[in-house]
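What follows is a group of structures, each given as structure tokens.
Each of the next two complexes has chain A plus one more chain, namely chain B in the first and chain C in the second.
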Partner chain A sequence: MTQPLLAVEGLAVALRTDHGLARILDDVALTIPPGGSLGVVGESGCGKSTLLRAILGILPKGATTPSGRIRFQGRDLLAGADWARGRIGFVPQDPYLSLNPVFRAGDQILEIMRRHAPGSRADHRRKLVELFRAVQLPEPAAALDKYPHQFSGGQRQRLLIAAALACDPALLIADEPTTALDVTTQREILGLLKRLVAERGLGLLFVTHDFGVLATLCDRVAVLYAGQVAELGPTRAVLDTPWHPYTRLLLACHPDRATTLAGIPGTVPAATAQPSGCRFHPRCPLAQPACAAAPPALLALGERAVACPRHEVPFG
Partner chain B sequence: MLRYLLRRLALSLPALLGLVLLTFVLSRVVPGDPAAALAGDAATPAQIAEIRAQYGLDRPLAEQALIHLKQVVQGDFGRSIFSGRPVAEEILQRLPATLELTFAALLLATLIGIPLGLIAAMNHNGLIDHLVRLMSVGGLAIASFWLAIMLQLVFSMELDILPLRGRLDVALGSPPRLTGFLMLDTLLAGRLDMFLSACRHLVLPAVTLALPGIATIARFTRSGVLETLQKDFVLYARAAGYGRVRLAAIYVLRNAVTVTVTQIGLLFGALISGAVAVEAVFDWPGLGTYAVQAILAADYKALLAVTLVVGVVYAVVNVLVDLAQALIDPRIAGAGR
Partner chain C sequence: MRCRLAELLTAQDLVVELGRDRLRAVDGVSLSIAAGETFGLVGESGCGKTTLARALLGLQGVAAGRITLAGATVTATGRAGRAAVQYVHQDPGAALDPWWRIGATLAEGLTIHGVTDRAEQQARIAEMLAAVGLDPALGARFPHELSGGQQRRIGIARILLLRPRLVILDEPTAGLDLSVQAAVLRLLAALRDRFGLTYLLISHDLGVVRRVCDRIAVMYLGRIVETGAAASLFAAPRHPYTRALLAAAPHLDGRESAAPPLSGDPPSLRAIPGGCRFHPRCPIAIPVCATTAPAVENVTAGHQVACHRWQEESPHA
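Up next is the complex of A and B:
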């Protein structure tokens, strides 16, 4: 078996808050092979962004030292991610807020390249113009000297994608990169990402709320609930026959498929007050007394894994 | 950018016009009869009336205001009631001394205040942060005349390393007056010894004047940096792998100082008024001591002129501040178009 590009094992992240220790992530495990793509879905607040921040080494100030392992290309990332900068490209959620308004967009990206890509500044400029062309930014050469506010939201996200690719990464990490954009632009950006990832053979870790996006962009999916992996498997299989009750409900209330506007009853528990046993049991239609007693193990079944012993029981 | 600058300049004209008229009206509604003051204690009512007519003080207020405005625009501030010399000349004589002092203080306040604020913010809630915060409260609370005297006691009287008062060693003579700025005139005259003497004389008054400024600038820089550190683009830059030092000292600071720079403009007003006390203690022959004399002598012509000159300097400084801001933040010059 080849070495995975990214391997996360037993990752736990906690935050010190005014209400005590918030356990944001708990025993999270996932892997991405070279060139593979993994989508991460789950309700708001379930820890998707925190997972990405742990991998990128930019956890918020109050975070305790994460436990578990994160390995990128076989090397540890948890002790410090600086060595991997440039090899992991990051596309943030909000293109409007992610560029510093008082510096030229080109200079901001060139600074990243100066630190993490070989070559002279002239090389970098040349390469960046090429990248701007690749992400279909209008007037790529002139774009280098413009300020962020001179670009539209979609163009800014193209800039940020170019920035993510600037140091020839092996892995691309994106946190809902299109939620701040309008629908047409969303589609264009996603198409662009899909093409670039395929062309360059990049690994992809992609956070999204959108199952449609998931199906087109990711070959595997991890469903997070309250900081834990509820279900993991090939995207098609999970979307066609979701096993975990949470995944089933999540899919059922997705706008594209929903028969009612009901949503999942209840809310994600506060990270400072996680329920005992299975964290989903208070909201689960299949819950039994045993579910509150002990947390379920992640059962591996072929290519898939699910953290629910009752995954074959249909909803009554 | 040029158009932006011109527009800012044009915008400050009405403010200055307002200042001319307002100060004029104020000078005439406050109690105290300038004609009586001029005529002296022993004057008869007839003499006072004569002086009143001579200075146009008997005409309607509106007419006087117009005449005043016309003269001011021509650079004619009349003659000092106190010394009899043209006020414009006297002010030109003294303005460079005050500008030298206030600019030195402003420079000190900026060069010390900004790094202090930055370091405090990077150490948020740490020891250095607490010290800086303490200092920035203290710096505003300390009365400048008290500080001036303390500094004199320590550095001039006790340690004897800095001069007590004045702008230059009397023994050295003085350089030919070209600009009135001793820093420049001494260098233009090729007199390094005089230049150093001028610098040494500048230290204590400038430090005294700068202290509240250091406090203000440090405070605003600190909060600006703290606010900027919360921004998404900082998180993004960290994820993308910016260096720590560069991130703080350049990437974050440039955003943070947009607020600080505005404060620097406002601070300048405080510095000029602060200069009155500081000049008095250090016997600094500037506009501040001149203003004090004018007040004591009820020399309203001189007072009007001082007020106006300070107003013009203040307006110019604030245009410069706007310009600096437009250079720091490219969105500013574009936005108001």
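Up next is the complex of A and C:
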């Protein structure tokens, strides 16, 4: 078996808050093989962004030192991530907030390349024009000297994709890169990401709350609930026959599937007051007394894994 | 199927010009909303959805055209004649004063609309909080103590307290998780039935629009390009822009639509293309599209489209 590109094992992160210690992530394990793509899906507050921040080494102040391991290309990122800068590209959520309005677009990206990519400034400029062409920005050479406000929302997201690719990363991490965009622009950007990732053989870690986006882009999916992995497996299999009661209920809310506007009873628990046992049990239609007593183990079944012993029980 | 009801709000050939440059954000829009229906308005950012809503609310002056509310012309009255039309903000969290308790925010609207008796205010607020599925004790809390879904419910309660007939909902589920979104949509449907409301729902989320709207208008660069019953518009979209919008939504089964993606960004109001405004991005444009603006034609009664070629191209499956 080849070495995974990214392997997260037993990752736990907590935040110190006024209301006590918030356990944002708890025993999270995932892997991405070279060239593989994993979608992380979950509702607000499930720990998606904290997972990305832990991998990128940019956890907020007040976070405890993460426990567990994050290995990238075989080396532990938690022991120090400076060596990996440039090898992991990041596409942020909001193209409007992620560019400095008073600097030219080209200069902002050249600054990253000066720090993390080999070569002279002239090499970097040449390469960036190529990248701008690859992300289909109009007039790539002239775009280098424009300011962020001179680009539309979709074009800014293309700029940020170019920035993420500027230092030849092996892994691309994207945090809901299309939520701020219109649906027609979203379709173009997803198509672009899919093509670039395939052409360059990149690994992709894609965070989203949109199952439809996930289905078009990722081979595998991890469903997070309250900081833990509820279910993991090939995208097609999980979307066609979800196992975990949470995944089943969440997919039933999707416009493609919904027959009624049911929703899920209750709300995601606060990270400072996680329920005992299975964290989903207070909202789960299949819950039994045992579910409140002990947290379920992540059962591996072939290519898939699920953290629920009652995953085969249909809803009554 | 609801029977055909009386028109509550209509707009005829409405034109709205913005700023010193007199940009035409809304250019010749006609629509009519029947009492009791949920009318969807969809389109990309910058197409004029919100400007049209502001004109209907009386918050934005109109350069030409006519607006009627329950049969009376209200084009030039401003907000004064239009208390029956109210607006729920896209981000109700941002629309709540962070230093005010929820109860005080809710009471302010009542005071402005002439309900000044403290006891009556409190009774109506408690009743409305219960109606939107919240604990009346929440009135003592501050906005930051509420979740996104709860803030959204407060935004709705705040408007319904004023007993409007038409509520304009601007992206009522943007930024909400799927499970919360479903709950908010269910609540909106229940409130519509309970209080006899009519909704104008502005959204670019076609999944939401499809589930809750009776009729839909598709807007592109200041004009309505297609209007129809939700069922017929989704089953057989006639305008190439409507088809492109429908095709762009990602699906759970991962299937890619047969329709080619739209190229380019929506053009700006500062450089409106001649002829049909959509022609530079249209996959089926012919020379006449660049020179002549298409007239609005009836596909069936109740389904209108503005496209030179709507009869020639069969919709993509």
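Basically, the second predicted complex is superposed on the first by the 316 of 316 C-alpha atoms of A that agree within 3 Å, B and C clash if a C-alpha of one lies under 4 Å from a C-alpha of the other, contacts with A are read in each partner's own complex, and residues count from 1 in each chain.
One rule holds for everything that comes next: a contact is a pair of C-beta atoms (placed from the backbone, for glycine too) under 8 Å apart; a residue touches a chain by one contact, two chains touch by 3 or more.
The structure presented is a predicted model; accordingly, all values stated were derived computationally and were not measured.
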Quick one: classify A:A163 as touching chain B (first), chain C (second), both or neither.
-> first
Using the superposition on chain A described above, determine whether A:V197 touches chain B (first), chain C (second), both, or neither.
-> neither
Determine, under the contact definition given at the top, whether A:L286 touches first (chain B), second (chain C), both, or neither.
-> neither
Have a look at where A:I112 lands relative to chain B and chain C in the superposition and call it first, second, both or neither.
-> first
Partner touching more residues of chain A, whether chain B or chain C = C
Return first, second, both or neither, reflecting whether A:T235 touches chain B, chain C, both chains, or no partner chain.
-> second
Using the touch definition from the top, say if A:I58 reaches chain B (first), chain C (second), both or neither.
-> first
Using the touch definition from the top, say if A:F90 reaches chain B (first), chain C (second), both or neither.
-> first
Indicate the residue numbers of chain A shared between its chain B interface and its chain C interface, in ascending order.
-> none
Per the touch rule, the chain A residues reaching chain C in their complex are 43-44, 152-155, 182-188, 190-191, 209-213, 215-216, 235-236, 239, 249-251, 253-258, 260-264, 267
For the chain C and chain A complex, residues of the former touching the latter = 44-45, 147-149, 177-183, 185-186, 189, 204-208, 210-211, 244-245, 247-254, 256, 261-263, 265-266
For chain B, which residues count as touching chain A in their complex?
-> 231-233, 235-243, 246, 251, 254-255, 258, 328-331, 334
In their shared complex, at which residues does chain A touch chain B?
-> 53, 56, 58, 82, 85-86, 90, 92, 94, 97-103, 108, 111-112, 115-116, 147, 149, 160, 163-164
